[in-house]
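In this document, chain identifiers A, B, C, D, E and F correspond to the written order of the chains, with residue numbering beginning at 1 in each.
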Amino acid sequence: MKVTVSRKAHFNSAHRLYRPDWSFEKNDAIFGKCNNPNFHGHNYDLTVSVTGEIDPETGYVVDVKILKDFIKSEIEDAFDHKNLNVDVPEFKNLNPTAENIVVVIFNKLKAVLEPNLELSVTLYETPRNFVTYSGD
Amino acid sequence: MKVTVSRKAHFNSAHRLYRPDWSFEKNDAIFGKCNNPNFHGHNYDLTVSVTGEIDPETGYVVDVKILKDFIKSEIEDAFDHKNLNVDVPEFKNLNPTAENIVVVIFNKLKAVLEPNLELSVTLYETPRNFVTYSGD
Amino acid sequence: MKVTVSRKAHFNSAHRLYRPDWSFEKNDAIFGKCNNPNFHGHNYDLTVSVTGEIDPETGYVVDVKILKDFIKSEIEDAFDHKNLNVDVPEFKNLNPTAENIVVVIFNKLKAVLEPNLELSVTLYETPRNFVTYSGD
Amino acid sequence: MKVTVSRKAHFNSAHRLYRPDWSFEKNDAIFGKCNNPNFHGHNYDLTVSVTGEIDPETGYVVDVKILKDFIKSEIEDAFDHKNLNVDVPEFKNLNPTAENIVVVIFNKLKAVLEPNLELSVTLYETPRNFVTYSGD
Amino acid sequence: MKVTVSRKAHFNSAHRLYRPDWSFEKNDAIFGKCNNPNFHGHNYDLTVSVTGEIDPETGYVVDVKILKDFIKSEIEDAFDHKNLNVDVPEFKNLNPTAENIVVVIFNKLKAVLEPNLELSVTLYETPRNFVTYSGD
Amino acid sequence: MKVTVSRKAHFNSAHRLYRPDWSFEKNDAIFGKCNNPNFHGHNYDLTVSVTGEIDPETGYVVDVKILKDFIKSEIEDAFDHKNLNVDVPEFKNLNPTAENIVVVIFNKLKAVLEPNLELSVTLYETPRNFVTYSGD
């Protein structure tokens, strides 16, 4: 019996969407007000979902406390109250769009989770805009 | 890397569930209080999800502003503050159940989105009742 | 010790904002798309709050089951899956704006609640627009 | 056209996570504060999703009133305001983790739904922890 | 300039509504299914609001970290994953209705907050039932 | 009959809590991770509430479209996708704590609303931290 276990988390960050190899005008045409050179920010909400067999001993697919600790050490400690462009190494050369952020989060969590667990990550940039990546 | 990008929207409409080729009694037996001849209404909440490859140039699967504009022109402008049965041509001969509405919304958006993007639409009729259609 | 006890409820209705003694043009100028002659509708969410002393016998200010039953008999049964303009007598000659609806709901509940309980009613017309009336 | 119809419900229960064949110390090490011998509790939120073809006669995949009644008779009446460990037979010998509860709910609903409908159940133990089972 | 600063928190507890000096039948008549002798439970959500002058030095009425720590030490550590009737001394002789719980929480927080801060506490027993106490 | 009409809005901004006349160490001791020199950010949610008499002509206390337009011109256009410390003149010499932001918003809206309307503003910095100012 494969069950999906999901845990919500969040972090608050500043970011700016732009490419340094483009002119300000081109960045402005593509990224609009997200290209503010002084940054803007979001309360990012995160849902991390892992799928696997229920352990008949414990009745758990994964101990949520362990999942919560991984999310804290890998994601919240790295991203919360940070400027994604300036403070987070993964975005030094990667535009921190929601799509790119969710792939980075997926890869960081995939590296520490048991390999037999399937992973899917949903990231809310605002309550009305969100993205999902499942490793496909 | 295929990522799903979702955008929420909403519209407020009146509707009535019934078939004109059935008696009032049969409509009443099947559709209950949703068959009120004077209509009732809902705040419909909509989640539109498109799946595709991240464009390495922009870091976007789709520009959410473009998605938002399509939802406005195709769905909100057509359905918001309308009577679905009376004002919306698609429901002149189609009972506006949540299931039928979500298929109509899917088809209207599918027609304007880039063909390589996969589409899924979820429609909340109330906070506790919702339907999803993905073109299957 | 005075405590406020609140109960949420909801009803789904059609309505139209207009005055029959005004021209369509004037109604349109004031009420915009809410003046659609074929009606539109909402999922109205309601919070009913009553304030009073805790009964030392029961530990209740009011039995929430009784409050829930009053909301059902006085408000939900009267308004749910109805057209407020056509089906609800209170709005035969009263424009069903959120402000007028919340006053009608307050008065209907005030008439059946114990007179020593203070009452406040909040009505959400949409998740982003709401009104509150406390009898002042 | 296959559409998924979802209905939300909820129940409020007490439970305790432990195995009677383990020592208190081992239960404590695995289940932490969820192993309180005097129980703790949750407002469980449930989303039941059924997928099938739209009936062209009614425009329904399933009448939500029927789905709501099944959820009430099979789940809410059995679990609400109960102690899952003590009052619910399915958990007499099964640790009531969220994973095990969602499988029990799935099996109880699967037994009464039309066999051609696909079923998926999501159970929120808290607003931040939830599990999903689809019969795989 | 007096501003109100609010912080949300939560705890998950079992409880039972009854009076030991009443017969089971009388408890049943008054408290219904909340009188289950084996307990039931809730995810209680809490909003703690303090009102005071903005400190011109810091721009804070109160440091939310300090408020959060008080809520943790006084309320969450005492109530979370506990049986209110059995594990929490304040309810040994006090029926743990939402009204009585919110007064207990208010008094515990009032005792540790700076005396010049006004306090109001709202407690959600379920998403649809909640109570507020402000010390009146 | 005085009714309160509320409208929700939101803006996404970067900010940093610090005083330039304090050492980095003192800012760090008081403002913790909110003192990140590279900024962090939030999705701020705003509830603007105005109280006044119902106009018997229209059934409105205030036309919500007008209220929405004021919130857009005075607050959203000024704060959204901005760095509060760098881009918004009101915070050039004022630490953008939630308390100070809500007072600035109140004053900007009070200046454009009809003087007979009472005003109250609630600002959510995160879903769990919020502040309210009513001009007292």
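Everything below uses one rule, namely that a residue touches a chain if its C-beta (ideal position, glycine included) is under 8 Å from a C-beta of that chain, and two chains touch if they have at least 3 such contacts.
As the structure is a prediction and not an experimental result, all values here were calculated from the model.
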item	value
Shortest chain-hopping distance from subunit B out to subunit E	2
Partner chains shared by subunit B and subunit C (touch criterion as defined above)	none
Far-end chain from subunit A, centres as C-alpha averages	C
Inter-centroid spacing, subunit E versus subunit C (mean Cα positions, whole Å)	29
Set of subunit F residues in contact with two or more other chains	127
Touch relationships between chains, expressed as pairs	A-B, A-D, A-F, B-C, B-D, C-E, C-F, D-E, E-F
Complex interface listing, subunit D residues touching subunit A	17, 30, 32, 94-100, 102-103, 127-133, 136
Residue numbers on subunit E that touch subunit F, as the complex places them	1-9, 49, 54, 58-61, 63-65
Residues on subunit B engaged by subunit C in the complex (per definition of touch)	10, 12-15, 33-34, 36, 38-43, 80-83, 86-87, 126-127
